[in-house]
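For reference, chains read A, B, C and D in written order, and residue numbers begin at 1 within each chain.
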Amino acid sequence: MDNSRKNLVNIFVPVLSILLSILIGMIIMAFLKANPVTAVKYLVIGAFGTKQNLGTTLTRATPLIFTALCACFAYRCGVFNLGGEGQFIMGSIAACFVSLKFGLTGIPAVIVALVCGTVAGGLWGAIPGVLKITRGQNEMIISIMFNYIATLLMGVVYTNWLREGSVPQTAQVPKESQLARIVPGIRVTWGFVIAIVIGLLIYYFLFWTSLGFKFRAVGLNQTASRFNGYPVRRYMLSAFIISGAVAGLGGAGELMGTQFRLINGFASGYGFDGVAMALIGQLNPIATMFVALFFAALRTGSTTMQAATGVPTSVSDIIQALVIVFTVAGMALTQLPEFSTFIGRFFGRKEAQAV
Amino acid sequence: MSELLRIENISKRFGSFYANKNINLTVEEGEIHTLLGENGAGKSTLMNILVGLYQPTDGKIFLKGEEVHLHSPNDAVSKGIGMVHQHFMLVDAMTVFENIILGDTNAKEIVIDREKRRAQIQELAQRYGFRIDLDKYITEISVGEQQRVEILKALYRGAQLLILDEPTAALTDIEVEGLYDVMHKLVEEGKSIIFISHKMREVMHVSDRITILRAGEAVATVKKDEVSAQELAAMMIGRDLAASSFEKVISGGSAVAELDHVSYNRNSKHYGLNDISMKIRSGEIVGIAGVDGNGQTQLAQVLTGVIAPEEGTISLGDSKILVYDPNNFILRRTAHVPEDRNLQGLVGDMSIADNLVLRRVETDKFSSLGGAFLKKGAILSYAKEMVEKYDIRSRSASQTVRSLSGGNQQKVILAREMEAEPDLLVVAHPTRGLDIGATRFIRQQMIDARDRGVGILLISADFDEVLELSDRILVLFEGQIMGEFPGENPPVDEISLAMTGR
Amino acid sequence: DEAPKKIAMICDSSINDGGWGTACYNAMVQACEERGWEYECTDNISQNEYYDSIASYCMLGVDMIYAPGNQYTDAVLQAAEDYPDIAFALLNGAVTTPDEAVNGNVTSMLPDAQQIGWIAGAMAGLMSETGTIAFIGGMELDTTLGKYAGYTEAAQFVAAAEGKEITVLDPVYAGSFDASDKGIEFAKAMIEQGADVFFGDASAVDSGARQAIDEANKEAGEVKIYDIAQPADFLGQNECIITSQVTDNSAMIAVTMEGVENGDLGGETIFGSLQNGGLSAGAISDLVPAEVQEKYNTYIQQMIDGEFMAE
Amino acid sequence: MSFVSNLLLASVRMAVPLLLIALGELYSERAGMVNIGLEGLAAIGSLVGFLTCFISGSTWVGILCGALVGIAVNMIYAFATVTLCANHTVYGMAINILAPALASFIYRIFFGSGSDLSQITLMKTINIPILKDIPIIGPLLFSQTPMVYLAFLLVILTGFFFTKTQAGLNYRAVGENPKAAATLGINVIRTKYLACVICGALSGIGGAYLTTCYSNTYTEGNISGRGFIALAAVIFGRWSGGGILAACLFFGFCDALQIRLQVASVGIPYQFFQMIPYVATVIALTVIGSGKSGPKAAGKPYRKEER
């Protein structure tokens, strides 16, 4: 397959998957005796209908973009980091300490908190990375274990160390240290802009710098990279650290911009969601960001849909899951040799031979 | 003698490429029928069809006059067809015993009756004079023993037709003799054998009849007694076999690489090096002759920094190597055409252009601002230049290398390595699996490089290739150097003897 | 005359968890039936959806939002700011919460945690034979701590009056309100420690604990280990439930509804106590001997009269 | 004494669902399929097990239906990874997202409208006379629900199957070297599908166990990471039935200990106790070192006519 055709397939498969999933979702709605058209209408209104709703969608997309970019970067470099959630949480814990304990306020507090969150996420990502390259550990299992550990550690933080009086939650980030909103009155903050910038930076790094080129080569073939003189293990560890740092920055941003405090359930599920989105985005950072936006819109819209029509939000969860199921299967299908044969025959022309 | 197997008009297509085309063939009972053909001629593909692994695109198969449909290896086994594959089909994590009884469909018992089956196997082994330890794991036995396990596997299943796909490639001469004995015993019992090889000596020694495959087609079937080796070779290659056309260099320049008492994993017969001392001079090709799996891989890898020797030292030019790391060797102007081009040489999912600049993306030619900006235009135009220069046949330079044919993949690697202008070039199996055109091109490139003053270490399982290209020949056996021979008028018999450890 | 008013509830646990969620939902339903309102509910939502769910209802046009738990405070305050024309009722909100709402449209409904603890503790003190009683929390909420404190005080006071020694095991927390498996394991471990009366503040976790208690009783062949339910009357749901502490959330919701009907969006704290009928003791099981029931009712009366523990 | 025996009893109780799921994964990995979708399979198994048990009143129906739905959902995984050669990890993730969403949806359809607590009658324990009176191991091994006996029996059968039988040998070969297995007439594709059936069934049963033998109510998210711990248990247990049993008992023990330490209120935040199993996993895996002993071809797609 040549490149243009491959690119076409890369776009075609996810788009088809999305349409198919929504169609199935609508059939389920009809089965629930709801009017699918009305339900989808409310879904769209809930996601984009008003300035506030659009703001909510972007707000919810922000952390997802970070964890999705975390996964995207790691996989591009050949490390299966499933620990985005833990790294995200560690970032938010660090930011929480900074904004509550360091005596900083205002812009300096925001900056220091974001930096510390980034560092904390990076360090948390470094642990499975080190275990992988020194002990040959399966990074997936280890990074999942570290998700649990981070979540529990966050529990200690909000029930003990930084607990604020009445409830198991930390105190709120002081008003003057919160990430500012882009437009007053709409929830979306500069965190969203940071997410987009990070996404563009990652895209640029991977596809337009020599180091990014090498990271990608390592991701595609470690042995060949080693034979060609790349410090493969160092790159893999770096990939872990950088992807962890991205997640950590996301966690810090979420804390400083949206949630303002650590509380039970903070960030729950973001890690695996990010993995799924990166995969649907074909590990392309820019596509990944769009997928995250799409998922956030589905989620935001589905609460309105449930409130308005009684169609449960789990229908939207099913739609999201089906998108993943179809996309991944679809991409695998197009890579089968039988598929190219079939397509070749279908279009009645032979695969151009290398001459 | 009556006919056991008849193949009619068998074709097999992979994508748009015909690996077999309209092949007709018969095998008699009690016959040793040889399939002769160059690399890639389609021998293994045809046999894989016979054992049900591949489904033919077209054609029919008859056993004892009856048409059979071999949908799976199971069908083939139950019809008495057994095969020893070119690449052994053994499960490393299991013992010899387990490998032999694996997939046994005759056994009706649920729980394995070890005693009974061991006795059966022992009896079989004795009948053919095999000595094997049933309780050893596959990883613990030698390649020759592995092959005996493979043969036992087939016999244990009651094969009437035994297919041996290049069985001698990894054997020493003694082992080859033993194999002949077994083959003769088998045909005496009325079994038939399809023997695959491209080594003329063997073919002339064991065959009753010979079918020659060329580029997927059966060119001819002849009785052994009615042809000469020369004629066979001509049919196989489709032209007359010419002697080495390259001029040999008598003595090279200064040493570009020197190994001093280098050992690695010394106790392993197949995967180690034992006290190796040698020099590679500039402007010469040093060929390593030897049966595959006698330390060649390790030799190539210590010389390129992929693995570090456990004892001894390596010097490149004038300086001793302290850090064994591929990058360190690359910086000291070493180039490497590795043995596994897909795994070790190329990043299959990247483009031709990307693979060509794999080592040099951060140079000013291909990126600016210290690597912060890739000059994609420059990379592409360089790639186009290389595609031209090295005759890499492709649709575009941004095509992924995975979609290239083996020969063109090899040319990509060669282009990258040659353009680095190395002092030392380590080449492993440069033309394995390539067609004649590509093979010629690549050999010529190596000779040209030598003439430019590059010191080349050539490792090849293809003895003829070593003879043709080398200015000096070293024989490697069980990790040791068994002798050094001149490349000009090489003493072929002596070298072959040395390859068997004598 | 005009269209019925509408209330919407959000809940992080399930409304059929056999505990908190169920009770809070039923309270809303009851209040709506009394006042002729319509109701909606979204349950099982996760923490990052609190605001979205509330905002969705606000956008679709409800008159009142009902959030049964302290954990919704942030989301409620945020939504109350964004939707100034809608009334918000926060169950177990802090006394100070209404003042934090910029638009003055948040009402805090605050049952007296200490009295809740008392109602359970008095029964525990009377019924414990082993002298060890237990408390299982979902999360370490302030109200939970208040209930635990009241439970301990009352149990010890009552036991002293009976001439018994009572040990109250330290509270344990499941870390969530829906981990019924944790409830099972906690209860088993606490039974091992000799606990024979349980009180919990943890929704589905409580139902897990009750399951373990029932099992232990079954194994022993007699009901010797008891549980006190809350915040509605759950007598009969499990064999081990001897009584319930009942919180009349519906009354408090109804008060807020009435305000909304009159154009008043609230903004104060409504307390629920034994005195105003917001809190009460539920029906008592036959497992409690008649004379103990009598004593218990006396204590409850003392609580209402403000005489309990008052010497 | 009773503290110890109770602790052990609790360890077994908490180990059993893990054990069932981990055995499922063992069968999967032995055929070369690394299925990280266990969490999702168990989730849907748990819900369907509960639902069918609630409707039919029979825990066995619940277990059976849990198994069936586990199989059904895992067939999606099987089709994608075996037939379409999709990446195992990626597809496992997809199952982890799809199956819980389905479970949540079904739950709402059936229970969403009412507010009554739905409880079922748990599977009865079966006491084996005399044996159950042996101190410590009596209650541990001889006073359990049939599912516990079944799980232990399965461990024995699994060990027996993989080491002593022809079918087990053939099965293992598929995970080690599918191509070699194919040349010997072993149906690789069928074995892989079979593996997915077993894995789906056992994961589904593991989930259904939670709602039919362990907790008599259903709460969303009740699997709470057991699927991932089971995955670790397989590595930890070195891909053998006995090893997995030991690993699961260890994880169960950590969990049981954690609960007891919290009840004994040692004054350390309880979350630290809850971390024990995860930290223990990491340390144990690190100490044991990388698992070269896993099936060689695990996680790799098998294409029939590939070189």
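Going forward, a contact is a pair of C-beta atoms (placed from the backbone, for glycine too) under 8 Å apart; a residue touches a chain by one contact, two chains touch by 3 or more.
None of the values given here were measured: they were computed from a predicted structure.
**Student:** Centre to centre, using CA atoms, which chain is the farthest one from chain D?
**Tutor:** Of all the other chains, the one whose centre lies farthest from chain D is B.
**Student:** Taking each chain's centre as the mean position of its Cα atoms, how many Å separate chain A from chain C?
**Tutor:** 38
**Student:** If you average the Cα atoms of chain B and of chain D to get two centres, how far apart are those centres in Å?
**Tutor:** Each chain reduced to its C-alpha mean, chain B and chain D end up 44 Å apart.
**Student:** Just the number, please: Cα centre separation of chain A and chain D in whole Å.
**Tutor:** 28
**Student:** Return the residues of chain B touching two or more other chains; collapse runs of consecutive numbers into ranges.
**Tutor:** 14
**Student:** So which bits of chain C are touching at least two other chains?
**Tutor:** 173, 175
**Student:** Identify all positions of chain D at which a residue touches two or more other chains, and write them in rising order.
**Tutor:** 104, 271, 274, 305
**Student:** If you go through all the chains, which pairs of them touch?
**Tutor:** Every touching chain pair, ordered by label, is A-B, A-C, A-D, B-D, C-D.
**Student:** Touching residues of chain A toward chain C in the complex: what are they?
**Tutor:** Per the touch definition, chain A meets chain C at residues 46, 49-50, 52-53, 56, 60, 155, 159, 165-169, 172, 259-261, 263-269, 299-300, 303-304, 306-308, 313.
**Student:** Show me the residue ranges of chain B that touch chain D in the complex, using the header's touch definition.
**Tutor:** 14, 51, 53-55, 72-74, 76-78, 83, 85, 89-94, 98, 101-105, 107, 109-112, 153
**Student:** Across the complex, what residues on chain D touch chain B?
**Tutor:** Counting only chain D, the residues touching chain B are 164-167, 169-170, 172-173, 176-177, 179-187, 295-296, 304-305.
**Student:** Enumerate the contact residues on chain C facing chain D in the complex.
**Tutor:** 14-19, 21-22, 25-26, 29, 44, 169-170, 172-173, 175, 178-182, 184-186, 188-190, 192-193, 204, 207-208, 211, 237
**Student:** Going by the contact rule at the top, pick out the chain D residues touching chain A in the complex.
**Tutor:** 36, 76, 79-80, 84-87, 89-91, 93-94, 96-102, 104-105, 108-109, 112, 225, 228, 231-232, 235, 269, 271-272, 274-275, 278-279, 281-282, 285-286, 289-291, 303, 305
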